[in-house]
Amino acid sequence: MSDFSHWNKEGRPKMVDISHKEETKRTALAQSTVSISEELYEKIQKGGIKKGDPLQVAQVAGIMAAKNTPDLIPMCHTILLQGTDFTFEYQQTEQGYDLLITAEVTCKGNTGVEMEALTAVSVAALTFYDMCKAVDKSMIIKETHLVEKKGGKSGDFYHPNRS
Amino acid sequence: MSDFSHWNKEGRPKMVDISHKEETKRTALAQSTVSISEELYEKIQKGGIKKGDPLQVAQVAGIMAAKNTPDLIPMCHTILLQGTDFTFEYQQTEQGYDLLITAEVTCKGNTGVEMEALTAVSVAALTFYDMCKAVDKSMIIKETHLVEKKGGKSGDFYHPNRS
Amino acid sequence: MSDFSHWNKEGRPKMVDISHKEETKRTALAQSTVSISEELYEKIQKGGIKKGDPLQVAQVAGIMAAKNTPDLIPMCHTILLQGTDFTFEYQQTEQGYDLLITAEVTCKGNTGVEMEALTAVSVAALTFYDMCKAVDKSMIIKETHLVEKKGGKSGDFYHPNRS
Amino acid sequence: MSDFSHWNKEGRPKMVDISHKEETKRTALAQSTVSISEELYEKIQKGGIKKGDPLQVAQVAGIMAAKNTPDLIPMCHTILLQGTDFTFEYQQTEQGYDLLITAEVTCKGNTGVEMEALTAVSVAALTFYDMCKAVDKSMIIKETHLVEKKGGKSGDFYHPNRS
Amino acid sequence: MSDFSHWNKEGRPKMVDISHKEETKRTALAQSTVSISEELYEKIQKGGIKKGDPLQVAQVAGIMAAKNTPDLIPMCHTILLQGTDFTFEYQQTEQGYDLLITAEVTCKGNTGVEMEALTAVSVAALTFYDMCKAVDKSMIIKETHLVEKKGGKSGDFYHPNRS
Amino acid sequence: MSDFSHWNKEGRPKMVDISHKEETKRTALAQSTVSISEELYEKIQKGGIKKGDPLQVAQVAGIMAAKNTPDLIPMCHTILLQGTDFTFEYQQTEQGYDLLITAEVTCKGNTGVEMEALTAVSVAALTFYDMCKAVDKSMIIKETHLVEKKGGKSGDFYHPNRS
C-alpha cells in the first residue's frame, strides 16, 4: 500500500510535483448508477418522444465538468483532455430501473485522468437528478467508482466490481 | 406525480421561470457515503495525527462547489447561499468503514437548494477520493441522496432512506 | 442621447453604482442569425433523425452563458436570472437557410438583462458553429442584436429591425 | 463535405478524441463587425480624448474570453494558447460607421483555434456594446465569421468573404 | 475581541450562516501600494503617451476579480455587488515611486464586502506587476489593507493606518 | 532594461506570442507577509489546538488560485502547473507577529510561472485575512514579492530583498 501523496512536511495538502513523470497516453473509465422508480422511467420514455431526453443535458454537463475538474478538486493538476464520451444504459431492477452512466476520458499527460472520469459521471448523475427532480426527489445515486485506468507508471487498474 | 419542468415547447431544456415563486428561507440536507477499506481507514487515522486530515480539504472543496453549482448543473439558477456546513462520520462495516458526508445548505430565495447540497457532498466525496487514491483506488461512493429539504411551495421533503 | 456611463473621472472604466435603481421585473429578448448552406441544412435535418440535434447543445451552452455573463463582460453586474429560454427557427433564403436564435431572459433586479440575452444568443450561435464546422467552416453569424427590453427606469426598448 | 464529428453512436454529443492528431502550430483569424450610428461614433471619438476608449476594455475582455472558450463551448478541447491579439478599425458607411474587430489566435496543439478566435471577437463585440449601450441600444453586430485558419491536417481555410 | 466565526464544532471551516443578518447598504474601501523604481515610472509615463496605460488593464482585472471573490476565497458568500471603482495615484518616494491603488466596493446585502475590496486591489496590483514585469521584476506590493468599511451590525471600521 | 511586452502597435494590451520560446522546466518562488497582532496570534495558537488551522484553508485556496491565474490576470497564458506547495512561518516582531507565506510553483512550459506564484501567495494571504477578520480587521499584508525564478531565456532572477 502506497503512501499518501498530497501532504507536505508541515501536514498540509500540496499539489504534488509531477515533473518527473512521463508524458504518456492515459485513459480512465468511471461509472455512476442512478436508481429510479418505474414511474419516473416510464415518464422519461414517453416524454422522450415528445419532449427530449435528460441524458442529452447530462452528457453536455458531464463533458464540461470533466474539463473543469481542476477547478473543483483542489489538488488536481490541469490536464489537456483529448477526448471524453459517455454511454447510458437503463437496467430493470426489482424496485424500478437503474441508469448506468459510464464516461471514458483520454489524455496524453504526466498524470492520470481518474478524477476527470469520476467528476464527469458524478456531474452527469447530478444533472440527471436535476432534470427529473420535479417528478421524483427520492432518486439515489447508488454507486460511483473508477472502473479502470490505463497508462502511467503505477500501471493499469481494474476495479474488483467491474462488470 | 408532477410534470417535468425543464423542457420547453420545442422539446429542449430551459431554465424555468421562477419569478412567480415566493422568496422564503429554504434549507436542504444531502448525504454521500464513501466505502473504504480498513487499511485506508487506519492509515488516515494514523496519518491524521502526523500529517493532517483529508476531510479538511474535502470540506473546503465541498463548500466551494456548493457556490459553483449553477456553473456545473446547466438548468440550475444562481442562488445566494446564506450558509453551508458539513459533518463527517466514520462507521465500521463488515468490509471496512463507511464515511458519511452530510452537508446542509441554507438560502433565502425563489427556489430550493437541493442541487447545491447534493453537489456539495458529491464534490466532497470526490475530493476525499482524490486525497486518498494513492493508497486505494477501489473506494466506492456508494450512496448519494437528498436527505431532506424545507421551505418553498412544494413543501418539505424527507427521503424514505433518512436514517 | 445619454452620456456614457462606464467611465470614471480618471477616464477608466468602472462598474457603475446601481444602488439607487429600483428592483423591478426586467426582461430582454435578443436574436442572432446564422447563415448556412443548403447542404449543411439538409445534413442537419437528416442527421437530426439518426444522430441528434446541434440545437440541444446550443441551447444548453446558451443558458449556461447567460449565467456567466458577468465573468465575460467586464463591467456587467452579477444578476440573479429568474428564467432563460430559447426558440430556434430555420428560414429558407436565396443562398441556403438562416437559423434564427432567439433568447428571452428574465430577472428581478436593479439593472437590466440585455447583456445576458445578447451573450446567450452569441454563445448559442458559436456552439452551433462548433457543432457543424467539420461540415462547413464558412457559416456566418450575420446579425446579433437586442430585440426588446422591458422594465427599469429608462423604459421599454424595441429595436427598429424587430420583425 | 465531411461528416459531423461531435456525435457518438447513441446520437449524443461527445468531445472527439484528438489523440491521433499531430501537434503543430495553428493560427486562426476571425472578424466581427459592429454597425453603429454616426452620433455614437462621434461621441466615442470625443469621449476618447477626455475619457478613455471602449476598445481597451473590449480587447481585454476578448483576450480573456479566448482563454475561456472551453468553458463556454461545450465540445471544445482545452488548448494552451500561445498568443492572442486584436486590431480594431472604423469604416464609414452610408448609415454611420462599421467597427471591424479582428482577432488572431495562435497555438501549438492537436486541434485548431477557430472557436477561440470566434469567441474572442464575439465577446469583444459584446463588450463594446455594453460599454456604449447607455448611448445607443440599437447597435447591430452584423457579421461574425472565421477569416482564415492555418495548420492541421484539414489544411488551410480562407473564407470566401475575406476582404 | 470577537470569536473566530469560520469553524464548526468539528474544527473545520464552514460558510457561516448569515440569514439572521440584516440586508443593508454596505461599502468597503481597500488599498494596495506597489513600490516601483524611478526608471519604470518614467518608462510608463513615456509609454503612456505612445502606447497605453497598464492601469487600464489593472482596473478591468480588479473589477472582474471583485465579482469573482467567492470563487477565490473559500468561505466568502456570493454577494451581488452594486458598484466597484478604482483610483490610482503615483507618489514620489526616496527609492522611486509608490503606486497607490484604491478600490471602493458597494453592495446591499447580508454581509460586508471587505474581501471583495481587498481582492480587487490585490488583483489590480498583480496585474500591474504582470504588465510591467518585463521591465522590472523586483517591484514590491508593499502594503495591502482594508481602509474602511461601513454598514452592518458590527459597525463602521477605520484602519489605524488610514491616511 | 527591456521594453514593455504587453502592448500592440495600436497601444492596446495583447497576450504576447510565446511560440518561439523554448519549453523548459521553470520554477518561481514568491512570498507574502501578513502582519498580525499578538492577540490574534495567540488566539490562533490556542484555537489551533481545539478548532483547526486557518493555514489549511489558506493553502487550499492558494493552490486553487495558482491554477486560476490566467482567469485573473488578463494577459497571462494558461500553463500546465506541475507542482505547487507552500510553507508558512510565524516570526515575532515588535508589534506582534509576521506570518511569512511562501509558495513554490513548477511547470514545464514556454513561459514562466512568476504570476502563478505571486497569485498563490496573494490569495493565501487574503484567505488568511478572511478566516481571521472577525477577530481583527486591521491586519496588513505588508509585502508581496517574487523571491526567485529559474528557467527560461531571460535567466534566473533573485530578488534583492531575498532573505
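Order of writing sets the labels: A, B, C, D, E and F. Residues in every chain begin at 1.
To be clear about the criterion, contacts are C-beta pairs under 8 Å (C-beta built on N, C-alpha and C of every residue); 3 or more make two chains touch, one makes a residue touch a chain.
Keep in mind that this is a model prediction, so the values were computed, not measured.
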Sorted by label, the chains bordering both chain C and chain F are A, B, D, E
Contacts shared by chain B with chain F include exactly A, E
Field rot_deg for pair chain B/chain D, CA superposition, rounded to the nearest 5 degrees, holds 180
Between the Cα centroids of chain B and chain C the separation in whole angstrom comes to 32
Here the gap between chain A and chain B, centre to centre from mean Cα coordinates and rounded to Å, is 15
Going by residue number, chain C touches two or more other chains at 12-13, 52, 56-57, 60-61, 64, 68, 71, 74-75, 78, 80
Chain pairs that touch, by label, are A-B, A-C, A-D, A-F, B-C, B-E, B-F, C-D, C-E, D-E, D-F, E-F
Chain B contacts chain A in the complex at 1-7, 11-13, 39, 43, 47, 50-52, 54, 56-57, 60-61, 64-65, 68, 71-76, 114-115, 118-119, 122-123, 125-127, 129-146, 149, 157, 159-161
Per the touch rule, the chain A residues reaching chain C in their complex are 52, 56-57, 60-61, 64
Given the complex, residues on chain E that touch chain C span 25, 55-56, 59-60, 63-64, 66-68, 78, 80-88, 106, 108
Seen from chain B, its contact residues with chain C in the complex are 8, 10, 12-19, 70-71, 74-75, 77-80, 109-110
